[in-house]
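Both complexes below contain subunit A, partnered by subunit B and then by subunit C.
Let's turn to the complex of A and B:
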């Protein structure tokens, strides 16, 4: 994964990127809005539609909204706008689920640690296999110690009590961390010279890819206890994370394989001519280039995977959406469902949108770097 | 991994008979390990199932279910067997896909056109749509729409259009035909097949030597034939002793007559259309951008109107450019429709899940579930790939 050249390019290209668009922005804008009579009419109608929607949204969400739950659900009586009071009253339930109330700072801190690790791994400085692994393993250990407790004088909290945003982030990060090595192994084995091995791994990958994630999660949560002997089962959370990792790795293996196929054969031949063995060829020549080629689809796979963590609600986990359902489903807050869903949608949006923007940025800079 | 290292290290040496013997040995060991593992898992599963007093086998498919299904295109009662419940699940999944994937494509196409239009405001609307709905998980959108639909007013205070269309907490009521659900499903499938056939006839090279007018007539007659066939199916599927057209009316606490779209189905369809269209819009847009500028300029200089440029030049070329991606996207969306269990829509997965808890035939039902999805995906994939091959521009480099 080491790509020092790429890192420098991104740093230097970032400044030049937007230069072409900055030529006479007002001229382009004028042409795109009022270039012709038809263009002006379309613009006018469009602006009217946008204005009406924005006005109604502001009217509902800001001007007529109630923000503070001073009297519980009664705070919103008579209000015509949004009842954000439910967020004020229930935000700790939404973010932390059933985690013990007085220990919720630990859940929050653990979540921040993982998010910080995620942000750090977007920095090109960390793009070396060893640094990335160290960063993620360290972040993970911190997260687990904070959430699970039991050492350093922290009170233990069992996995069934984990919930809310921390659980969502944990399942995503653990799934990706376990799934990535599986994906690399899957991609390498599918390209194996031996037909039986290549064929079997191809079959497994294609089968997993053609199943919906829900069925895999369901199998991991409900069916595996029947099939595996008891000592191999583990907690339901870890079974589901494994199922999640399996699903992720099947897609990611194909992305990495695509990245490998884009490498000119001369690279591998040159490495052979230099007398490098299989492992050194793979880890010094093939994989770094494969990851560089596969970076944009990998990021969009991360985006999809993060959104799909929300499906664990179906097998009964108390992640952020389940805790949101509980937030409006109890204690006379039943009317405030739109506010809760909007809030959770915003949380997801912040994560997913920033990740996908970052992916688009990488793709642009890499395209500039390649040509 | 160990197996792999040895084989590949040997690849750098010359091929010898010793090496190929080793390859065979390694693969044999690999196969034996896999077989042993599978046998071990099956034996464990059977012994743990036997401990619970379960008999394995597919005999349970003919036992009666004894539980209700809230949405079904074919008649179903408590006394019906398991195989019928599973069939209903498959039909419901396909039905949902048949109504929501075409709708999502239409919405996606409109959004894509907004995004590539030269107008700044329209651009902004399209971009906002895509950015908002792509970045929110589909299951969250599903919960949102389900909550909205179930919080609509009571049937007595239903929102109505001209007293024929009603929207209430019991779902959407629209005028319909008094036909069986199966007939309606078959009619929809026939019409969709007609559209695909007409499209294929329009672009295939099989009749390349015929006149354009003749080919157009062929396309239209294929579509008309499918439409007539669908009408025939509907008439044949009439429910006896009822009027052909059925309009919903308020009787007591609920509506009678018409087609009832329950909130579960409405929420599923809305979520899939909104989420799916935001993905499809990006694919369509990529297709439009893949059409080279020279093609469009050539069309414009020939004096074609903007509408003609869009429908005769940009759209046909764009569809060819994106069809492989589009195939994957449709298969992916079909899999994304298995969320019915979250709101209680009886799709294939939900029926299987309920069957597992009710009958306990875990292994068999999971096998049916996976087999069913492999079959559906494979069929959809190969049909779309066939279309892709049929319309590909062979031997030329036009983009």
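Let's turn to the complex of A and C:
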């Protein structure tokens, strides 16, 4: 190999190693996609396949679709594409379930309040134990008053009529919020210096993790009434949320423990040498770093938990999957189940994608904080 | 797979529950509890079950079983029953434990009367109010006239249900070489049949009628005449409370009696003014006694007929000709129309 050739080779290697984004992105793209005849052919075939799929999707979902239910279920007669008319006709059922029709604004508002509280608590300005707890307590109180009614002149609506997106968001938010302190306690106790405590909490966590979520939910909903006296049972909804929180906390405890174990022991020792007590060491040194380390799996646990809320359907809750099932579950609309499921998938996507993007944002800001 | 695990877990739990002593209710307990509570707790569905429990655009329940729930509540609480009825959404696996734990007072949820439910699960059933015939639907272009003509083909069946057993047993008894494809989720089973993955679809004919409706051309499908089995559908209540079962039975009876006597919601007032026979006079509360022995008012039967019509009206409205399903009553008619149902004697 001649000297100029080698120099070129090194130069091009250096080019490739250069961080992406610093070069003209289209130049790189052009080079990668149509650099050689073979690459061009592969690119062409790939793009053609994607284009065909996208075309068919658009054809079905947009061009040939019926969007408005001007004539009820008959609107879609003869249409070859998607029948979005069912969403137009029955979106209130999907979003609010069995909640009384005239009062559905309350369910909608309650859902918005909860989502707003969720968004607000993502803003770093609120990251303060007192502010966060005030925010969430206020949020849940507002949600409960709006949904349950019975005071301030609001007509009472009992829990078995709650449903749709509001119920999904409520079960998720309440489950995570109750579960998170349990998870922190679980993680700390499992790392206790007293072997009995560490061992027994390890056992509890592993036991809960070894059970399927469905079993826990079924137990909470159906079996607890046989075991506990009536005054201790509470409504089925709250028992199920507790079951949910228990399951979430077992997994989250392990995630936090993983985050703690990544912290060099020197930190704790240094804090000890400075004379900090257990609680201050835990809350000022260990937990903030543990959460930072454990952020990616925590977000992914949130995402999993959000999607797992759909399991409450088997213990008879009308969350968004069930209300979607009811939406296409009539003789008139029975054909449009794909549209309903697609719509629900989009709703899930909005929530889950926002959660993931927020996680990515957090990771960036925290890394900035580290340096 | 996950679905199967879920079902497995649920089945395991229900199985575990059967080992517990079934809570026995004493005679009259349930009615007393319902009146004290001011609410009858009846079964809804977690989603919808076509024809039997559906939800309209405004989130209100409709359907065959829902009508019976409403009538039950009206019989107890009178015409202003709306605030005294809670329709509790409930999954299939949950029905019996929920009845035992008192989450519901009565199961009216397309529920078959079986030995195990009657004995081990501590459920006491009303008279059957429907017979669900298990049949097979197929495409007309296959030219099949009976299940035997489907030999060599594939029949889709809902996994883990009694239907699956009936179809398989029927084929085995007739020594037919048919492949069976059990599918867990209803929508998937429907899609498998409608897309041509299966040549036949084994289900109750009521359900088949709803599936046929989803086809591009409903007329291209035929429900084969072979009745592989019938499953009697009845209301379930806690064992030991004869009074509550009596109420359920006479509630159903009122609807059949109205039907065979030609009483409808429209003419019930005329009938009450001028009852054609002593039985109708007692049914509509002209001569007293139909309520007191059950712990109800004497006008309960009049009220429910006025509100819901007779049995045929309930059928036509929810699954028959006035519904999208257009199912004819067949063996579910009264004896007058060649069916298997009849009113009891009101003396």
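Heads up, the rule we're going with is that the second predicted complex is superposed on the first by the 338 of 371 C-alpha atoms of A that agree within 3 Å, B and C clash if a C-alpha of one lies under 4 Å from a C-alpha of the other, contacts with A are read in each partner's own complex, and residues count from 1 in each chain.
What we mean here is this: contacts are C-beta pairs under 8 Å (C-beta built on N, C-alpha and C of every residue); 3 or more make two chains touch, one makes a residue touch a chain.
Quick caveat, the model's predicted, so the values are computed rather than measured.
Undergrad: Clash or fit: subunit B against subunit C, after overlaying the two structures on subunit A?
TA: clash
Undergrad: Is A:313 in contact with subunit B, with subunit C, with both, or with neither (first, second, both, neither)?
TA: Touch partners of A:313: subunit B and subunit C.
Undergrad: Kindly classify A:202 by the partners it touches after superposition: subunit B alone (first), subunit C alone (second), both, or neither?
TA: A:202 sits against neither subunit B nor subunit C.
Undergrad: May I ask you to decide whether A:214 touches subunit B, subunit C, both, or neither, giving the answer as first, second, both or neither?
TA: both
Undergrad: Which chain makes contact with more of the residues of subunit A, subunit B or else subunit C?
TA: The partner making contact with more of subunit A's residues is B.
Undergrad: Touching A:356, do we find subunit B (first), subunit C (second), both, or neither?
TA: In the superposition, A:356 touches subunit B alone.
Undergrad: Under the stated touch criterion, which partner chain does A:272 make contact with: subunit B (first), subunit C (second), both, or neither?
TA: first
Undergrad: Regarding the shared-chain residue A:337, is it in contact with subunit B (first), subunit C (second), both, or neither?
TA: Both partners, subunit B and subunit C.
Undergrad: Just to be sure I read the superposition right, which of the two partners does A:222 touch: subunit B = first, subunit C = second, or both, or neither?
TA: Touch status of A:222: both partners.
Undergrad: For A:188, is the partner it touches subunit B (first), subunit C (second), both, or none of the two (neither)?
TA: Touch status of A:188: first partner only.
Undergrad: Give one of first, second, both or neither to describe whether A:288 is in contact with subunit B, with subunit C, with both, or with none.
TA: neither
Undergrad: Give the one stretch of subunit C, out of 166-174, 184-192, 238-246 or 256-264, that collides with subunit B after superposing.
TA: 184-192
Undergrad: Under the contact definition given at the top, report the residues of subunit A touching subunit B in one complex and subunit C in the other.
TA: Common to the two interfaces on subunit A: residues 212, 214-215, 218-219, 222-223, 226, 311, 313-314, 321, 325, 335, 337.
Undergrad: Which residues of subunit A touch subunit B once you look at their complex with the stated criterion?
TA: It is residues 29, 31-33, 35, 39, 42-43, 46-47, 49-50, 185, 188-189, 192-197, 200, 207, 210-215, 218-219, 222-223, 226-229, 272, 277-279, 307-308, 310-311, 313-314, 321, 325, 335, 337-338, 341, 344-345, 348-349, 352-353, 356 of subunit A that touch subunit B.
Undergrad: Could you pull out which subunit A residues touch subunit C in their complex?
TA: 89-90, 92-93, 96-101, 104, 158, 160, 163, 212, 214-215, 218-219, 221-223, 225-226, 236, 311, 313-318, 321-327, 329-332, 334-335, 337
Undergrad: In the complex, go through subunit C and note every residue touching subunit A.
TA: Contact set of subunit C toward subunit A: 5-6, 9-10, 12-13, 17, 20, 44-51, 54-61, 86-91, 93-94, 97-98, 100-103, 187, 210, 213-214, 323-325.
Undergrad: Across the complex, what residues on subunit B touch subunit A?
TA: So the residues of subunit B in touch with subunit A come to 1, 3-5, 7-9, 11-12, 23, 26-27, 30-31, 34, 41, 44-45, 48-49, 117-125, 131-132, 134-140, 143-144, 147-148, 151, 331, 335-336, 338-339, 341-342, 349, 353, 356, 362-363, 366, 369-370, 373-374, 377-378.
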